[in-house]
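In what comes next, subunit A is part of two complexes: it sits with subunit B in the first one and with subunit C in the second one.
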Partner chain A sequence: MSTSINIKGIFKSYDSVKALNDISLDINQGELFGLIGADGAGKTTLFRLLATLLLPDAGSIDMEGYDVVNSYKKIRNLLGYMPGRFSLYQDLSVMENLNFFATVFNTKIEENIDLIEDIWKQIEPFKDRKAGKLSGGMKQKLALCCALIHKPKVLLLDEPTTGVDAVSRSEFWQILKKIQQYGITIVVATPYMDEATLCDRVALLDKGAILQVDTPQGVVSTYRKALYAITGANIYDMMLLLRKYEFTESVFAFGQELHYTDKRDEFDTNQLQHYLKEALQQDVLVRSINPNIEDCFMALSIQKNK
Partner chain B sequence: MRTIRYILQKEFLQIFRNKGMLPIIFILPVIQLCVLTFAATYDMKNTNIYIVDKDVSKHTQEIIGKFENSSFFTITGIGFSEAIAEDEFLKDRTDAILVFNKGFGNNLDKREDAPVQLLVNSIDARAASLFGMYIVEVLQEYNTKVITTNSPVGKSALSQRITTSYNHFYNPEMDYISYMLPGILVILVTVIGLFLSAMNVVREREIGTIEQINVTPIKKYQFLIGKLIPFIVIGFFELGVGLLVAGFIFKIPFLGSAWLIYLVASVYLLTILGLGLFISTQTETQQQAMFIAWFIMVIFIMMSGLFTPVESMPEWGQKLNIINPVAYFIKVIRMIMMKGSGFHDIKQYIGVLLVYAVCAISFAVNRYRKVA
Partner chain C sequence: MNRFIGFIKKEFFHILRDKRSMLILFGMPIVQLLLFGFMITTELRNVNIAILDHAKDNYSLEITNKITSSGYFNLTENLQSEKEIEEIFRAGKANAVIVFDRSLERDVVNGFPGKIQLITDASDPNVANLVVKYLEGIVQNYQITLNRTTLNTVGIKPEMRMVFNPALESVYMYVPGIMATILMLVSAMMTSISIAREKELGTMEILLVSPLRPVQIILGKVTPYLVLSVINAIVIISMGYFVFHVPVLGSLVFLMVESILFILLALSLGILISTVADSQQVAMMISMFALMLPTILLSGFIFPIRNMPLPLQVLSNIMPPKWYIVILKNIMLKGVGVAYVWKETLILIGMTLAFIGLSVRKFKIRLE
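For the complex of A and B:
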């Protein structure tokens, strides 16, 4: 498999803030690549560098054999970019937006309709509606259509599912899988760890540096510690208590449960359960679980910051 | 070409869909033109005068009668006390006070000095000097009449004076409307052009749409031409409406060629729009753009010679006008409409504007960056 995007030693800072710190990354052709990181990790900065909207302080990026800085004109023809913020014309209708972007890329809607057909079917009933009046999910679909209308080789999606409901989100990912079949390299930035498992490979980004690049399964398999989920009536008190507990290595709130790792290699869960029960006077359940991407992310992030 | 056509189509769609802006672009200028032309006139149509008549003689009555009959004056009151008159002044109910002291009529009959006191509210110095002039003129006229009637036959008391006769060229009736309207029309075209263009690119930046445009292979010049042309069309439309209003509502004499005005206007609009787009590419928010545009606008207008003659400005001010496109266009449009100047009379101004336009537009294209 050949490389679509080759990122080498990228640095970028805004005044005194280091947004990206020595980023190197290879993304393969036709890959669905996830860029996972919390807000402020540097995802958008990296995207804007890829999209030729920003110049790096140091390092180079090659996309489909073209240098992002010197051959930006070439790259703009083969790039589809969907910014995190909805940036189509809200006062133009769905059809007008699509037509406009097709023309700007020197193509016609009909020429690449097969690529966007599935999405287009969903938004076609609203084609005369103004883009600003669409629902969040529809807006994203329209933006995706506009980014795909010229059949790009690389598709950059900056947090496409932020602020979109769960159903639309899973729909969106199904669409991406379909687009991938056309051999388009897709790079998705997302703060949602659960979406990471849907990617072919992911890069975990934290504070402008890459923690790990691997397949989602690969990331999870590198997790060495035994992980436990603790449930009880009062999660918050339990967390405060565990932070003071002498054997605690890490404890994070995870929805309705706590994810806990212990300093000892082997220990009795009953002992922990008993300790919590005594202290809180309530029922506590401790069970062993398999780590997910977020656990790995947290662990790597702590490791790095130590 | 196809790209530019689509950008144009998009821009027009957006302009006509903007329900808030549409009336501002098309209706407001016409209303402003009608209102401002009447308001911004130097003609003194109405002077309020209060008369303190302590004499109450035939002569004072006749003079008061003259004021009453004049359309320029409204007598707000006649009284006997200067204190009351000054009170009127303070309450701003009168612009001038004319005081006849006791014995005025008698002195006049005896052909002795008959002084009259005139007090004028001079907060607005220009208006005050005009009030004064008009009032003195009325008194002078009466004076002449008295001297003539009282003179013995054959021996004229009138000394020979040098008299000047005026012939006002190009605006024989000294009509301010035909002088002001072309200027105000220029201002309106400028305001619309400068503000619309200054707000445009920055608006796309603020909404975020520029982000999507910037990653497209669209060329800078295509994008900016697509932005320029709609505003030129709107500017032409405004100018056309303005000229129609001038011709049919105000009945201003129109000596020159309308096509020539349009020729100058096209060069002028390129200048203004170039300037606006330049502002737009350099600012981050519409608010910033708005303030900068407004600042430039006010300087241009105040220096332009619309409200005060350029000739009365200090020399440095007059020199500054070399770079003021508004001054050129006001001058040229007045020349064409009132003097009937032809192409050869104004070609040097067109030349200057052309240089200006090329500079402004190339600056705008150059400073517009697709990469941050």
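For the complex of A and C:
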């Protein structure tokens, strides 16, 4: 598999804020690559650098063999870009938006209809509606259609599923899997860790630096500690208690449970369970679980900041 | 070329669907022209006057006739005594009273100056001033005819004649001024707002990433407004011609060519503003303060430039509308051709090129 995007030693700062700090990354052709990170991690900055919208302070990026700084015109022809904010013309209808972007890229809707057919079927019933009046999920599908209309070689999606409901999100990812079959390199930024498992490979980004680049399984398998999920009636009190507990290494709230690691290599879960029960006077269950991407992200982030 | 047409189509959709821009584009020129043409006028019309005629002789009668037939005054009342003067002013029935002295005819025949008193209600000093000037003029005129018939000419009276605008119609002033204002506003403000809107809504990001070249984006933005501004210019000229009878003595084609030149200048200014402004609000504020006010105040449209303090006179030279208004007046009212306005035209061309150059340099192909 050959390289589609080659990022080498990128630095970028705004005034005094370091947005990106020595980023190096290779993304393969036809890969569905995830950029995972919290808000402010530098995802959007990296996307804008890739999209030729910003210039790096140092380092270089090659995309499909072209340098993003010097050959930006070439790259703008083979790039599909969907910014984080909905950026279509709200006062134009769905059809007019699509037609406009088709003409901008010197193509016709019919030419690449096979690529966008699945999405188009979903938004076609609303084709005469103004884009500003679509629901959040529909807007994103339309934006994806517009970004794909010229059959780009590289597709950059900056947080396409932020603010979209769960059903639309999973539909969106199915669409991405399908687009991938056309050999298009897709780079997706997302703050949702659960979406990371749907990517071929992910890069974990934190405070402008890459923590790890691997397949989702690879990321999870590097997690060395034994991980426990603790459930009980009062999660919050339990977390406060565990933070003071002498053997606690880390404890995070994950929805309705706590994820806990212990300082000791071997320990008895019953003993911990008993301790919590006594202290909080409530039922507590401690069980061993497999780590997910978010656990790895947290662990790596702590490790780095130490 | 396809790209370009697609872009222009999109621009027209934006303009035609936005009620506000449609209103600014087509409502404002008409309303402004009617306002300035009909209401804001410095001419005198239908001023009520009263006459207290103690003389009741040929002279007083003839002067009264001249005044009432001038078209500027309505004779509302003939007074009998001085006491009634104050009363009639208080009641607001007259703005001026003319009092003829009892011995008017005798004085004139004997070679003494005849006495006529003009009393005006100066609670509105501007009107009072105008009334006095007009009445003086009429009496002076009468005096001249009098001297001619009696053959005993005394002294030389200056004779005034207003050329190019013989009736001193202020609308002749306003039509070129409004045309400059409207074209400036529509072209510069609307383009700068529409480009700033793309930035504000984030669509500029997509346009930049697309293969569209900056020139295509700018031309695509400018062309619709060029078309609409030309339509506006035609509307204003024909309204001036048909409603206010402002003549177009020179070549209409030449007038349109100069107008298109001015529109291009305003458009390039608009683009320049949009390269600085990141939001519609900022674009609008800059257009208002940097373009609208100077266009109205410093271009000689309302206040004559030669009456300004010297620094402002110098400043007025860099106001593009000033030169355009000079050109317009020359073509419309004097009917001259390019031989008389080539200097102003060259100045406009120079300014246009400078603004285009600056905006192309400042137009960003990236986000920073």
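FYI, the second predicted complex is superposed on the first by the 306 of 306 C-alpha atoms of A that agree within 3 Å, B and C clash if a C-alpha of one lies under 4 Å from a C-alpha of the other, contacts with A are read in each partner's own complex, and residues count from 1 in each chain.
In the analysis below, a contact is a pair of C-beta atoms (placed from the backbone, for glycine too) under 8 Å apart; a residue touches a chain by one contact, two chains touch by 3 or more.
Computed from a predicted model, the values in this text were never measured in an experiment.
For the composite obtained by overlaying on subunit A, subunit B and subunit C cannot both be accommodated without a clash. With both structures placed on the common chain, the touch criterion links A:Leu285 to neither subunit B nor subunit C. Within the superposed three-chain model, A:Leu53 lies in touch with subunit B and with subunit C [touch as defined at top].
Legend: residue contacts after superposition of the two complexes on their common chain; A:Leu240 is shown touching neither subunit B nor subunit C. By the touch criterion defined above, A:Arg76 reaches both subunit B and subunit C.
Once the two complexes are overlaid on chain A, the subunit A residues touched by subunit B in the first and by subunit C in the second are 48, 51-55, 72-73, 76-77, 79, 81, 83, 85-92, 96, 99-101, 103-106, 146. If you check the complex, the residues on subunit B that touch subunit A are 2-3, 6-7, 10, 13-14, 17-18, 207-218, 370-372. Partner subunit B is touched in their complex by these residues of subunit A: 48, 51-55, 72-73, 76-77, 79, 81, 83, 85-92, 96, 99-101, 103-106, 146. By the touch criterion stated above, subunit C contacts subunit A in their complex at residues 2-3, 5-7, 9-10, 13-14, 17-18, 201-203, 205-212, 365-368. By the touch criterion stated above, subunit A contacts subunit C in their complex at residues 48, 51-55, 72-73, 76-77, 79, 81, 83, 85-92, 96, 99-101, 103-106, 146.
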